[in-house]
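Same chain, two partners: subunit A is paired with subunit B first, then with subunit C.
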Partner chain A sequence: MMKENSTAPKNEKKEKVGADGLTKKERRALKVAEKGAPDTPNVKDVKKQPAVQKPSNISDASVSKKERRALKVNQKAPNNISAKPTEVTKEESKEADVNEGKSKALLRAERREIQEKQRLAKLAAKENSLKKDAEPSGDTKNKIKPVSRSPRKYKKELPKESQKKVRLFNHLYCETLNNRGTCIINNVHPTFIALGEQYSSKTIIGSNARCLALLAALKDLIRDFVTPPKQELCRSLESSLNESVKHLQKCRKFAVSMNNAIRHFKVHLTQLNSTDLSDADKKCKLQDVVDVYVSNEIFTAATSISDQVKAKISNNDVIVTYGCSSLIKKILIDSHQDKKFKVVVIEGRGLLEGREMLRQLVNAGIDCSYCLINSATFVMNKANKVLLGAHSLLANGSVMARNGSAQIALIAHSHNKPVLVCCETYKFCERVQVDSIVYNELGDPNKILNIDTAEEESPLRSVSSKTPPESVNLMYDVTPPDFVTAVVTELGFLPCTSVPVVLRIKPVKE
Partner chain B sequence: MSEAVPIDFSYIIDEIRSGTLSQSNEVALKTEEFVERIIAEKDWKNAQELMNLIKAEIKLISEALPLHTISTNILRHVLNIIREEYDIGFKSHVEQSLHQMMTSDSDAMGDYSKMLDGLKTSIIDHLSEYKTELETSIDNIAAQATDHIYTNEIILTFGQSNTVEQFLKAASRTHSFQVIVAENAPSYNGHSMAVSLANHNIQTTVISDTAIFSVMSRVNKVIIGVHSVMANGALKTACGVHAVALAAKHYSVPVMVLTHLYKLSPTYVSSYSFDACSSPASVLPYSFAGDIVSRTNIINPMFDYVPPELVTLFITYQGGNAPSYIYRLLSELYHPDDHEL
Partner chain C sequence: MDEAEIRATFSKIIKTEDVSPGIAAIKTLMQMVKVSDVTTLQELRKTMTIATDYMRDMDYPAASISSSSELLLRFISLASLDGVAFSECKRIMIDRGQMFLKKLLDGRGKIAKSASKFILDGSRILTHSRSRGVLYALKEAMGQDKKFEVFVTHSAPDNSGELMKKELDKAGIPSTLILDSAIGYIMETIDFVMVGAEGVAESGGIVNKIGTFTIAMCAKEMKKPFYVMAESFKFSRLFPLGQSDLPLDYKYTSSVRKNMILDKEDPLVDYTPPNYITLLITDIGILTPSGVSDELIKLYI
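This part shows the complex of A and B:
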């Protein structure tokens, strides 16, 4: 019901409107998903899964182009904020200029008119035609297609081997889009569908990158949202957002950062509900809320953390880090400008993120070593400090981070090396957890069987016994607070145990 | 034992170097056969001369294979056998009472140059006994499996070890339990270990090495093999076992190390070349991201040092021993004069 009305893109002409079938963007996203993990050249600022088979694959260029476009949005957003915090995106500002003179009622009327035309156009087009939309070449970075009225159907190939459940982790398996054949996605803005694909294919990984992508998509949703007749903007927007979130949750479980961001947004949404601003003003306000959140909680926090850690790094230090964290990367690259130190990047298998970290650090001119997690003891002897990123900090002081971080912290602790966990406070979470099994996320178990450095294929691929060996690929683990020397947040160096304190003062700050 | 083949250990050295001979019990048996041939075929008149021959071989092997300990340990033990047989032959050292042990001075011993009839036969007899011991070591260790594993346990092991494999298979005949195998990057031999166990109808789960700490909270026992055991009860193992042992310590999970006696070395971590790095190709492919590989220092060490306090129990063919007992086993295996050659 709502979707018909929620779709008028104000900055689009009719001919751009996609027919009811899949949009080009989505088809690409599907292609990406069907290919499995895409090998894409890397995009700045957004952590990406390093190419497992071939680092840069020409045949994937088309995919990456689109993704880059999508991701550019994420990068753009903060820049715009820093320039003029009230503006949202370039197109929008243009749009705003054009529409400045018109009254809001007029605008609304116009929008309705456009919508009406779209509806006619859609009716003309056959319901499920998969014709390519005439998509003008990509100067508009994030063109938004209206959500179609008919439910979108798309088929995905089932993973070749249906997941064998490992008994110990039985409770962690859940039905996701990945292991259902066909699904119908209703009432979801196309940006979220594309985003869902990027989440589930692990094209966008890392809790900062995932959160930024989500907020960028959220801004798209706000911009394109049209209040259904006789309804309030905030209420209907919230229900639309809930639908989208539900869809994304099916693609991949939400990161704590994403949950916190959405919660923050909803608080503001409710507050705004009681004001008597016009819809356009409300939208503007909401977009501001998102921009301010991104700028304060993510970027300013990162800069602050970076400055604080920099003060702790001295010349000729050997710094051990694990996997790939956008924050640690920023800290190291920032500190490299006036300090000379060595970095040891430890790799955990699974996502092979360490390679991406290595690539970017080496390209930034930092003297790097690289080893697998098994060699951690070997490198720890020479290390001065250990810097770890975090997925989330739990209320009991445990650190939830990429699988393997706990092991690094454990080894560092046994060698009496300081372990600094860098984490923005927006990743703090009220949940408590003492082990990594009770709540976790399972990655693709087949990832464990991919060994790009070995000459032979893993013998696990060709097992023919009655009880074949299972494989588990956990995404996160939980580091007990005893292994962590300090947590670096934008509020300063804190002990792990201060998480509940920070959580309590945070709402006041907002 | 054809006469055409010279008595030369370099064949075995080559095989070990090229990796064609990697099973520890095969190395042990080949070394034992080699010693038998020295004793039977080489020209020696008294115990001292024979011992010098063997000591020369030990030096040669330890120079050629500084990281290899099995052959040198076996040869050291053979030296001890020769001393014992010589002493028995002269009735000088038959029943060592506590009083004698406390008061004996080293000058009284150390002369092995007297001629002794029947020394060769008695040494050969003793050696054939030792050979049986070597051959049955795995089975004897595996036979103790049911003493240590109970039903529905979750057992974690790291990489591949023939002894651990036999041990778990022996236990699976009577008990059903679950095994978690850490894959042991970068050799990934945990995969073939898992396949082998699964073929034996053991419920097996492969995890990446990153998940060791995560799953350790659910593990009942850690059972691992070892490269060699040092005099203080410390382990020299595949890279990554230190993390396993630390995680086990953190969760108070017992760590059991299955070892053959010939893996016990009279050395300490500082007393010999301990570690080496192998090819980085198995860590990062050469083709990775342009010239990044050439601008990075890629580390791929072979061994981990695991301190004795992280080990709960050693299981040898004789039974279980605490790490603090290793020194005593060493004094039974090797003569103190042979520790440093």
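This part shows the complex of A and C:
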């Protein structure tokens, strides 16, 4: 894999020498200077991780800002972004880089130092991982980074097997930064590079959190943007944004919420283009656009949805929910203030987000139970309502949500329990989908082979070295509208089938 | 107008004219707007809401009262009222109100016309309780020289089915009164079910006289079409998740609501979920249940 990919960056390099007018030497020097950068933030990562992993998505975004800033400092925040090539080195591929012989660079001494550091760090990590592996539930999602050395070890063992493609899902595999080794990123604001890293490592997860983080990064981009001479702010900003978006999409496929947010922003960008304001004013306006979008479409919508669902929750209800959704969390915590009810959090394998949900609900003082999706039928008898979050609502009324939601909806439907899907209208999408195969996202297949809570390594892993089992970890599934009683949006309770109407009237409202 | 006056006007309208509580509520509100001496739109809106609450609190079905009042408020305040004197404003609003009322009264004819297409020669129709919409549709079909037979439930507790039977007899439509408990028995012999509605929920389901849900379930099981006749002023932004989720003032009259133990009381209405309904025949067209929400979204957002 490495050999194949090593050619790609080289080609890119050749092109870029001409493009930014730097000599090879200068470029190398720059690169080497930056090479150190990912190392330093890593150290910071470890320190900051507990904070970054903070449950509420809002804080997710805000803390990650700090992190981004740290990165930026290390990368000597450029005056003009476009002039500077930046290199992202994935943690996993660090060692590979060294082997690849990039050390031909000029500042050898400096490189050696870095290598030494890495070696030491790795040694420490191995010791760590040995200890941590012995612990039963050592690495919850919360602690991914502090314990991150152990999953990394897995990844190194299994790179080829994990690349094995399952034929039915061939179209879903795409070249991501994760499996491509190193590459050169040009014209991308450092905030977006950091963000991409957080997306691909699933540090920032959940439709809302990802969108909030994206919009925060977008604001940074607007703030730092310097219009190239003899160019128009809006046009050049748009092209710069496009570059950044392209980079982010390489890290992880965009969520519908993010696509919608970017589209909304671009509409305003083109509208602003025709006005004759000064650049500073335009920037100010654009930042306002982002702020208004965040407060209207995300926060106010969530509050409105929360109020509506609260009215439907009665005392002594048993509410079933699946996985972790920031919106459902907000609803339950808000409703808890004046209603007494029980929550059953159902967990699905893969990301094991339910634990995080459970943690926060229990912290809020809600009476909770926790069970795996296998026992959902058993729990459903006692339930009064099922609340589900959504990734997106599709034009045919189907709900795209975290893998497993469709099963919960099906079970609830067969028990005649009302299923409420809570979803802000900014996640509505014109796409039509009847199955979860045509369009989906693939997660890490190793997450299926490994049980990260098990004390011992999964027996599947030892098998996998010779004849690897095919494994697919789909991120989302599609719930047909028949199983959903109502969708709760900021516009009120709606049947699923009203999505096209909302999509039709929404542009008018804007 | 004070509370007593509003109630008196409302019950007078219901008693003297043969209209549904929804229309009566609109007429009462219109009268109130005419005589009221408030000087701002804000106040007018407030007094109208309070008046609606008074009417809901009487011993009439509340479902259509609340939805029609809300629609009226929406309709008359939609006019661009900026920069005109309040007296002028009031005149515009009263005009619009009259227009709204006229539209509603015309609606019934439209429903009857489209519903009569569903009635064929030799049809056997089951209906529940007394509904003006259904009655008009049946009369319309009779006027078209169609031969059909109607089965009417007694419809406990107020036996309003008997009144329906009398009216059908007067119109010369052959009808049979059946027991509420005979719904299952009769279901295999009928062609379709036709009922009215007190209110139409956003889900596309209906709120109607108790027993409607039972009929709908039987009809679904026996695979008979279930048609609902409802004027669009009965559409409300309500989304019941089940029977227990219906507002209390829909289910019980105000005198019953004063009792503490409501569990022991018989509810007046039930909620029929949209998946039991084949079509809703309304003055804005023949809709599938999911179409109701589309119309409501267009109306309110």
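Remarks
The rule is short, and it goes like this: the second predicted complex is superposed on the first by the 339 of 510 C-alpha atoms of A that agree within 3 Å, B and C clash if a C-alpha of one lies under 4 Å from a C-alpha of the other, contacts with A are read in each partner's own complex, and residues count from 1 in each chain.
Here is the rule we use: contacts are C-beta pairs under 8 Å (C-beta built on N, C-alpha and C of every residue); 3 or more make two chains touch, one makes a residue touch a chain.
Just so you know, these numbers come straight off a predicted model, no measurement behind them.
In the model built by aligning both structures on subunit A, subunit B fits alongside subunit C without clashing. In the superposed model, A:Leu195 makes contact with neither subunit B nor subunit C. Of the two partner chains, neither subunit B nor subunit C is touched by A:Ala209. In the superposition on chain A, contact of A:Ser375 is made with subunit B only, not with subunit C.
Note on subunit A: of its two partners subunit C and subunit B, the one contacting more of its residues is B. Look at A:Leu494: by the touch rule set out above, it reaches subunit C but stays clear of subunit B. Once the two complexes are laid over each other on the shared chain, residue contacts for A:Gly404 go to subunit B alone; subunit C is not touched. Of the two partner chains, neither subunit B nor subunit C is touched by A:Leu332.
Across the superposed structures, the minimum distance from subunit B to subunit C, using CA atoms, reads 17 Å. By the touch rule above, subunit C contacts subunit A in their complex via residues 202-204, 237, 239, 241-242, 244-245, 274, 289-290, 293-294, 297-298, 300-301.
Contacts from subunit A toward subunit B in the complex involve residues 54-55, 166-168, 344, 347-350, 355, 358-359, 362-363, 367-379, 403-404, 406-407, 410-411, 414, 435-437, 440, 448-449, 451-454, 458-460, 463, 465-474, 477-478, 480. The part of subunit B that touches subunit A in the complex is made up of residues 154, 178, 181, 183-186, 188, 191-192, 194-195, 197-199, 201-215, 217-218, 238-240, 242-243, 246-247, 250, 275, 281-285, 287-290, 292, 295-301, 304-305. Here subunit A touches subunit C in the complex through residues 312, 314, 385, 418, 420, 485-486, 491-495, 497-498, 501-502, 505, 509, going by the rule given at the top.
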